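Here chain A shows up in two complexes: once beside chain B, once beside chain C.
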Partner chain A sequence: MTETTEIMTETLILTEALKTALTARFTALADDEITLSHRVAEWTGHAPLLEEDIALANIAQDELGHGTLWLGLRAALDGSNADALAYHRDAAEYRNVPLTELPKGDWAFTMVRQYLFDAWEVLWLDTARQSSYVPLAEAAAQALREEKFHLQHTALWVERLALGTPESTRRMQDALNQLWAYALGLFDPLPAEADAVAAGLLPDVAALQTRWLGLVRGHLEGVGLSIPSASELSASPLPYSRSQHTEHLAPLLADFQRVAREFPESQVW
Partner chain B sequence: MTAPSAQTYWDALRGVADPEIPVVNIVEMGMVRGVEIGEHGVRVRFTPTFSGCPALHVIRQGITDALAAAGADAVTVENVFSPPWTTDDITPEARAKLETYGIAPPAPNGESSLFMTLEPEAVRCPRCGSFDTRITASFGSALCKRMYVCQACREPFEGMKSV
Partner chain C sequence: MSELPRWEVFKQDGPGKVHQAVGSVHAGDGQHALFTARSVFARRPAAVSLWVARADHIFALTKQELDAGKGLSEGNGGTFYIFGKKTNRRSMTLGDHLGTLEASNPQAALEAARTQYGDDLLVWWLVPDSALVRSTDSAETVESWFAPAKDKTYKQQSSYGVVGQHASAHKKAVRGGDHD
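Now for the complex of A and B:
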């Protein structure tokens, strides 16, 4: 993740507050991509089919590429270093949603999580293509073309497993029950993001949630799965957020960051 | 000795192969957007293909090495994201080379809808030319490829994703 990206100068004037909001969102996006990429890559060599092993390795690589894009956008704003951010922040400093740090679980869990995330990312990117912050609009257009392949792939797996055998259906419903509340965490607005949304710099996550619900509800219910009800969700709210992680993030980062921390002077691996 | 011309540098860049697909070079793949000779050396405007593609590091180094060998004192490789690279930027010559190499070239991209459908364009078998093919895996050995099989000649083959 070392290359720097020269960002085109734009006429838009960014106040410090807007820069802070953009930096926070780029960090959140990058951390989602990095942690999910790591979880997906854990299937390499272990997936149930060779083709799926390859597919997940591809998806993990794409998500890591997107993480690099977001950290490049952040670097252009605050002069930070992508490698330092990825490899030398501890769990308490990571700003990913708890959804992406949960252990990979079984195949159904992996596919449901990836599907819910892909649908969010496709919609976020689609909206961000219109951002008045040109570097974001360009990066979103690039990433969207790759992300669409993920959504196509995971939407098919959701259908295949939900309509497969009683065992696969049961596992899909279990995964959805566990993941749904975590997925909704994607739509929590970041602190101080409102002005950047009003200025047309960042997508409005509340509006995205409506689109996302329409998309995933239709697909999931269409293949016979049921989405946890609002009353079930409010009965046991999640105690986790982008700044309050589960116990699973620290071990993930220990694995992901190990080589970089053991050999801090190395430039290439 | 006169300084090398922009044409010399373009020719040098035609010697830089895509490490994933060594039969094609980065110019005919549409990855080079511009070559500018300035006071501080040569600046290459380079468009990444897939953002997570590990070959990009190798290609950037290849650009620097090739231009240095062609006489450039200093080389800067600048990433350009706009407009994003698309498989429509691949030249007809490179498409023919891909097909000869056994990789079905990408179908025209167009502005595809947000939610893609399964393979709208028929893909031609690079071995026998039949359109009686089907996709066997949505992802392949590199981010830019997917897997197919020809139902006419039974040959499995790779095809480039259309983006």
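Now for the complex of A and C:
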């Protein structure tokens, strides 16, 4: 494995522009994981079942672990510090997709969001395993294993709630109506990503969107939910993006970063 | 949702090891029970397979009940998975899978199991094959359900030095602190 890494690194010439593109993507991925992890962790002690409380805490830890993985890849490129990035950037500097910062809502909202995100992440990681940037290919293979389990778990909940009671069906449809446009934001290409995609370093998010739509449409419509139509979406486009956040991100970060900012000199937790 | 039925969970720690009863989860159906069991019992340390069975579909009898002449309730014949608890010593598990046998009803299965596995077990559980829901053995499931745990730090409770110590050890430590 080490030998392969060396050979691949030798043949791959990372220009400054490509490094910038990789850094931006790793930051976006990390910020998605960190913010979603925090929203999921908000259920700890409050989930409707003890077993699901534990399962969600597991998911939150896994996502935070993936966030650490992405910040580690970024650090290897620009020498940044993961804790400084996670705990000492303000909302305006975070590059997560607005989907992951929305308040946790009810159980249906949490499950629909997690399902849509897990499906995106599984497909992104699955493609990134083929990246010509070996550290990314290896990290993707590692994270993919846990993410596949997350996706199975949330797909199971989507099915049971959508087919459950009239109330659970209504809550699921409400959640999907609210979340769908935000989920599509996952597929907005990052500025300056095109060359890195062409060089085989990063997945092409436009191609992923087609695969994602096939996957989630099949599952959601298969359990009787309706996906908002293109005309409904274009009637009220979202004014938010990875660099234009909702009002919910700042309070999330205030909570997430409070201890680190109160004790900035701490070295050991 | 606390009204959901209880499922007993059986975990296999590695190839060649037997499934052991490790505890229970509440879940709406067998697949759901498997997913929650994975999160509750198989995130640390490694496992390779999980089974679940609804608690009220398991035929169970203690040694005391047997000694008092109690038998198992009526039920269909078929394949039974036999689990037994061998000792009262403190343990992370509640019973081991001893084997599988065919019988015409639960009581006949119990009698065959007592002949085959000895008569001194403390608890018998007989799980009809039809009640068991199993995680799949596919490479993909092993990879996503069980493999990630292998790379993660895991400490037994005892390594934290607070579980399993007599209370006097802590009192002594506190008194020691007062003298300093």
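As a working rule, the second predicted complex is superposed on the first by the 258 of 269 C-alpha atoms of A that agree within 3 Å, B and C clash if a C-alpha of one lies under 4 Å from a C-alpha of the other, contacts with A are read in each partner's own complex, and residues count from 1 in each chain.
Here is the rule we go by: contacts are C-beta pairs under 8 Å (C-beta built on N, C-alpha and C of every residue); 3 or more make two chains touch, one makes a residue touch a chain.
Quick caveat: nothing in here was measured; it's all calculated off a predicted structure.
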| item | value |
| --- | --- |
| Three-chain arrangement built on chain A, chain B and chain C clash or fit | clash |
| Which superposed partner A:L64 touches (first chain B, second chain C, both, neither) | first |
| Larger contact residue set on chain A - chain B or chain C | B |
| Partner chain in contact with A:E138 - chain B first, chain C second, else both or neither | first |
| First (chain B), second (chain C), both or neither touched by A:P189 | neither |
| Touched partner set for A:P48, first chain B, second chain C, both or neither | second |
| Touched partner set for A:K148, first chain B, second chain C, both or neither | both |
| Contacts of A:R160 with chain B and chain C, given as first, second, both or neither | second |
| Segment of chain B that clashes with chain C, given the candidates 7-15, 25-33 or 151-159 | 151-159 |
| Those residues of chain A which chain B touches in one complex and chain C touches in the other | 51, 54-55, 58, 145-146, 148-149, 152-153 |
| In the complex, chain B residues that touch chain A | 48, 50-54, 56-57, 60, 78-79, 81-86, 112, 114-116, 118, 136-141, 143, 147, 161, 163 |
| Chain A - residues contacting chain B, complex | 3, 5-6, 8, 51, 54-55, 57-59, 61-66, 68-69, 122, 126, 134-135, 138-139, 141-143, 145-146, 148-149, 151-153 |
| Touch list for chain C against partner chain A, complex | 1-2, 4, 25-29, 31-32, 35-36, 38-40, 43, 140, 143-145, 147-148 |
| Of all residues in chain A, those that touch chain C in their complex | 48-52, 54-55, 58, 145-149, 152-153, 156, 160 |
